[in-house]
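Listed next: structures, encoded as structure tokens.
Each of the next two complexes has chain A plus one other chain: chain B in the first, chain C in the second.
Showing the complex of A and B:
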């Protein structure tokens, strides 16, 4: 279990209709691509409040995202060193530019906020609801078997952790017989991948039998969505947030104080 | 006497790689608790997979209420619910609730009916407090009860369990036996394939012993077959070897 897995709860985000939630995540992620510093800051405040309201610990969040934050740090440094502009520090051939720092900070902030948006989505959405939303969104598209795709998404989400566990078990079994001393990468992959694939195929075979035994069919009971006024309010608030994020901040300030 | 639910008539199944079952015949009546015992590789799993059409026979016939199983596979699978050996690879739901709802959704039951039946089943198997839990976080015994709930919600006439005690500790096994016995006492027909009879033999009403060739060697009351077990490669229960008629925790 990590912070990206579903955390049961009864917050407004948990209760939000998954179709609206999916649309909001897409909108906010797209708006973040266009957002400046001010827009990112507004988004950061809103997302921080939502993380707090959802009950996710900020410390836990930082610990779980430590490698991602490191990646953002590397992106920031790369941008600082590669974007041409006004130099603010130079050491032999290495030049850090003002424009590089600004761009690096902005890109890192955007990626970080997209990650937090996704995290809030996954932590407050049951995988079954995610499957239902995928089915609903795919339904109007011709030639796409939406129910089959939905069950595939559901099975993928369900079995990915199982596959990772099995990979760890195979790796442990290999290492228990000093397989870690073997430095040949081809042999290592062979001893890890072949047994793992065998286990996965056997598990898939058992799963097919178990699903058959429970009368699995693509013609299943359709999911029922319950949309309330709160969903509309959330959607409205989300659209406003996106507009604030993409609107140049000086225009936003002028509009606010001029009126 | 009641009419049989299932009739297995000269059932033979041969795999191309060898092995299988040979000329097996028996009938299953309502409210029976049948143990299918035998050593590893004797064909217990092959036999029970014919009962709901997961495997089709090379020769012979399996009839459900007088009609061949293969003529209506959906009815057969709804009537004969099957719990597999490995709980982890048969649980498809993301939560306990979703897992139990999977079968009724496949049967296209209306949402309100699914909700009612799932909650009833969860209460019946003492899983209602776990309904929002991820099945991966359940204990072995809870997972096994969940797999039974996933079958029970479809109102099967027979529940077939394949090695249900595999990978379970003793308290979980005892708890599972109590659940299964309660279901049987409530009128549910049970068929259980197992090679470990120690904990369950006194609950069963009938026992089928299969030999290594995949033939049905004996069919009778469990108490009458206790002394035949060892000769067919099955461990005789400890209580029997010590001269007891039942395990100490059931005596």
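Showing the complex of A and C:
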């Protein structure tokens, strides 16, 4: 499993109408922009439960996200060191501020939750369903060729694993020729990137030929969606979650303390 | 006779969308705006695909990110990213790829012309991204430029040079 791979299953999230799922992802993403610590914590609990219910292993998830988690760590450290405010630790010119730690934690939490939301979406949505949803959403927009856009989305999802595989093959080939011993980083990148791009464009050309040979066109049966009670329940729950996330808990806490 | 179905440009456009996503994963967070490789692939899309398919490429990329797939910098996604501090850069890719594609074609797809086109494309990205960052964080112009443009100029020079060289080498393999 990688970050884009569909994880087969028959959970409620798998069965959810992809149009509702897309709308929910957009809502959660917007709510996270305004969410404070409490809102992020509530979102974290809900997403953790969904990850568990979907059957995705937490260990697998951690392995997949290890580099992103490292990036979040760097982001947190950068914020702690660059945001001005009350210093809590200083060493020569390096000053860690209270405001920096608070802001860094909040930003890292928001990024992490957006990442998990996106991962849940891609793990429970078939590329074909995503293509259908894109076609459905774009249909009312004038001058947008929704079928072509939908085909490009499904093709792009299939290219991602191809690029990763080809990158690994080119890297192995370079290493087999002792290319990894080359100290010049520009040469190393050149020997990796140019053959890789050449290989994937040739693979794309072969795909074109194969599709052409099968008389591929956009005159295909349109997708049919059926909305059930489960979809409406999920939408309602999603709206409630977003409202809770943007709810200013700190004001309630202050009011409780004052009263 | 109906016009030929543009299968080849569509497949190549989809491939560039995938490359832009891969570029977005390699993100180094140095502040509110991370250093990413995705802008190099956006410029490359303009140089190789041309203005129309380049625009389609960035449009599809933004759409997949909006739909929820983790394709934006650092594996993020969602409409919230477009309204966030880096939303201007993401939306700026649309005019940038258009400008790069138009200029590259007008200047004859030569190395010098490709470099000029990529420089103009990068400037368009900053023209959209820096004012957006200024508004998002209520910064002064000086601070917005210092946070959202200056740290990336050196990296952009390398990316522009790489994009122009790669475009020259890859063009013979890309049939549109």
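General observations
Throughout what follows, the second predicted complex is superposed on the first by the 227 of 259 C-alpha atoms of A that agree within 3 Å, B and C clash if a C-alpha of one lies under 4 Å from a C-alpha of the other, contacts with A are read in each partner's own complex, and residues count from 1 in each chain.
Here, a residue touches a chain if its C-beta (ideal position, glycine included) is under 8 Å from a C-beta of that chain, and two chains touch if they have at least 3 such contacts.
Bear in mind the structure is a predicted one, so any value in this text is a computation, not a measurement.
Superimposing the complexes on chain A yields a three-chain arrangement in which chain B and chain C fit side by side.
Shared-chain residue A:174: touches no atom of chain B or chain C. When the two complexes are overlaid on their common chain A, residue A:30 makes contact with chain C while staying clear of chain B. Look at A:212: by the touch rule set out above, it reaches both chain B and chain C. When the shared chain is aligned, chain B and chain C each come close enough to touch A:155. Once the two complexes are overlaid on the shared chain, A:118 sits against chain C while remaining clear of chain B.
Once the two complexes are overlaid on the shared chain, A:244 sits clear of chain B and of chain C alike. Look at A:6: by the touch rule set out above, it reaches chain B but stays clear of chain C. Look at A:83: by the touch rule set out above, it reaches neither chain B nor chain C. Ranked by how many residues of chain A each touches, chain B and chain C are led by C. Figure legend note: chain B and chain C, brought together by superposition on chain A, show a least Cα distance of 11 Å. Within chain A, the residues touched by chain B in the first complex and by chain C in the second are 155, 157, 162, 207, 211-212, 216-217. Chain A contributes residues 1, 5-6, 8, 126-128, 154-155, 157-158, 161-162, 203, 206-207, 209-217, 219-221, 224 to its touches with chain B in the complex. The residues of chain C lying in touch with chain A in their complex are 5-8, 10-15, 17-19, 21-22, 25, 27-31, 56, 59-60, 63-64, 66-70, 74-81, 83-84, 166, 169-170, 173-175.
Of all the residues in chain A, the ones that touch chain C in their complex are 3-4, 21-22, 25-26, 28-33, 65, 67-68, 71-72, 74-75, 78, 82, 111, 114-115, 117-119, 121-122, 130, 133-134, 148-149, 151-153, 155-157, 159-160, 162-163, 193-194, 197-198, 200-202, 204-205, 207-208, 211-212, 216-218. Only residues 49, 52, 54, 74, 77-78, 81-82, 84, 86, 88-95, 98, 102-111, 114, 132-134, 136-137, 150-151, 154 of chain B touch chain A when the two sit together in their complex.
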